[in-house]
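Here come two complexes built around subunit A, the first alongside subunit B, the second alongside subunit C.
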Partner chain A sequence: MILNAAFICLAVSIAFTVFRVLRGPTWGDRITALDFLGVNLAVLVVLTAIKTSFVAFLDVALIISVLGFLSTVAFTRYLLSGKVMK
Partner chain B sequence: MSRFPDVVFRTLALPVVFVLMVFGFHFFLRGHNAPGGGFVAGLIVAVAALLARMSRDRRLLTLPVESLIPIGLLLAACTGVAPMLFGHNFLKSGFGYLTLPFAGEIEWASAVLFDAGVFLVVVGTTLTIIDLLAEDVASLHSHEDPQTGEGS
Partner chain C sequence: MFHRWSVSLLLVQASAVRAAEEVETVSLSPVSEALILAGTFFLLAAALGMLRFPDAYTRLHAATKLVTLGGLGIFGGAALAFVSAQATERVLLVAAFFLLTAPISGYMIAHAAYLRGIRPFQEDTSVDEWGACGAEVPELAGRD
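Take a look at the complex of A and B:
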């Protein structure tokens, strides 16, 4: 029961975040919203792991969070200085 | 490039790289009986190498990454052909059990060599693609002349 409530809260959060990604006046808003969308996806995967009691989903959550961090760094660096690599 | 001293990213990148390397190795060894395997491990290690390259000036691998692709293909092909020398089918995988000190009884499979080949191919391909994309973006920006504002 509490799991379904968490899923509903997460769905609302993802909907607002997607709205912010699509609307965001500046690119900084969009990048921040995409980072938060990645966090939301990781939480969604963790909730799915709890619901299905399948432990391998936790590794998926770890990889999603690391990829979200990496993409946020790459986007921000491209926004600030135009080059991702040194 | 030093206009934005990203201290947090530089400090955080190295532990994250090590954690990713350990997880990639874990996925690689787990892959025969559980979700994981050479492909996913190659992707994770490629992400770790990319993170190390973005945080430092130098690369994680000193050899050219394109050379990993033929090495991995050759390893996978040799693993596939080797059972034919013993009269088995192509890509026949042998497995067995051996007892190690401290680790206990573990299962070994010859498919892990094929997975190592897949791992090398995936790492080489991913890093080559990212290198080419980065060079493309860099040349795109170097062609623009800031004085005249004319781009190529």
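Take a look at the complex of A and C:
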């Protein structure tokens, strides 16, 4: 019951965030919304792990959060210095 | 021949045992339910702020702070919901990584937005003491 309510709330949150990714007037809004989208996906996968009681989804959540952080760092480094790696 | 069959049978048995170990027992106590509900509320509030706030910096404010609070609630509730210690420490690993990286990503987005010259909402009421808004060179690609 609680988990279904949480899934519905997270779906609404993801819909708002996707709207901000598509609409956002500057690139700062888009990078913020993409970072927040990665967080939402990680939380959704953790709640799926609770609902299905399958522990392997927790590794999926860890990988999604790592990829979200690294993509944010790559975007900002590219926008500041024109290149991602030194 | 016999050895090969027995070895493959052992491998099948080991994979079946490993797949059975992946399914853990979950008991949702009222405390974990309350934590999950509070975290979901904060994430929904962050999404509402990201939808309705007028500016890149205010949207970043809503996303970073409320996401830290909501992730703390949901990961804490998940760590309490799993019974075995192995699953709990995996959830706590995700939560620790999340709490470490969320402020760093928020700082980096704000730093890049300030130095690349994204103007704040209502410049009449904002004071730029450093005076470096838009200090980086404006062309984006082709630098090395």
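Operating definition for what follows: the second predicted complex is superposed on the first by the 86 of 86 C-alpha atoms of A that agree within 3 Å, B and C clash if a C-alpha of one lies under 4 Å from a C-alpha of the other, contacts with A are read in each partner's own complex, and residues count from 1 in each chain.
Note that in this section contacts are C-beta pairs under 8 Å (C-beta built on N, C-alpha and C of every residue); 3 or more make two chains touch, one makes a residue touch a chain.
All values reported here derive from a predicted model rather than from experimental measurement.
After overlaying the two complexes on the shared chain, residue contacts for A:58 are found with subunit C alone; subunit B is out of touch. Within the superposed three-chain model, A:67 lies in touch with subunit B and out of touch with subunit C [touch as defined at top]. Among subunit B and subunit C, the chain that touches a larger number of residues in subunit A is C. With both structures placed on the common chain, the touch criterion links A:81 to subunit B and to subunit C.
Applying the stated contact rule after C-alpha superposition, one finds that A:22 touches neither subunit B nor subunit C. Of the two partner chains placed around the shared chain by superposition, subunit C is the only one that A:40 touches, whereas subunit B remains out of contact. In the superposition on chain A, the residues of subunit A contacted by subunit B and by subunit C overlap at 56, 59, 62, 66, 69, 73, 77, 80-83.
Against subunit A, the residues of subunit B that register as touching in their complex are 1, 3-4, 6, 9, 16, 20, 23, 27, 34-36, 44, 47, 50-51, 53-54, 56-57, 134, 137-138, 141. On the side of subunit A, the complex with subunit B involves touching residues 56, 59, 62-63, 66-67, 69-70, 73-74, 77-78, 80-86. Of all residues in subunit C, only 22-26, 28, 33, 36-37, 39-41, 43-44, 46-48, 50-51, 56-57, 59-60, 63, 67, 70-71, 74-75, 78, 81-82, 86-87, 90-91, 93-94, 97-98, 101-102, 104-106, 108-109, 111-113, 115-116, 118, 136, 140-144 touch subunit A in the complex they form. Across the interface of their complex, subunit C is touched by residues 2-3, 5-6, 9-10, 12-14, 16-17, 19-20, 24, 26, 28-29, 31-33, 35-36, 39-40, 42-43, 46-47, 49-50, 53-56, 58-59, 61-62, 65-66, 68-69, 72-73, 75-77, 79-83 of subunit A.
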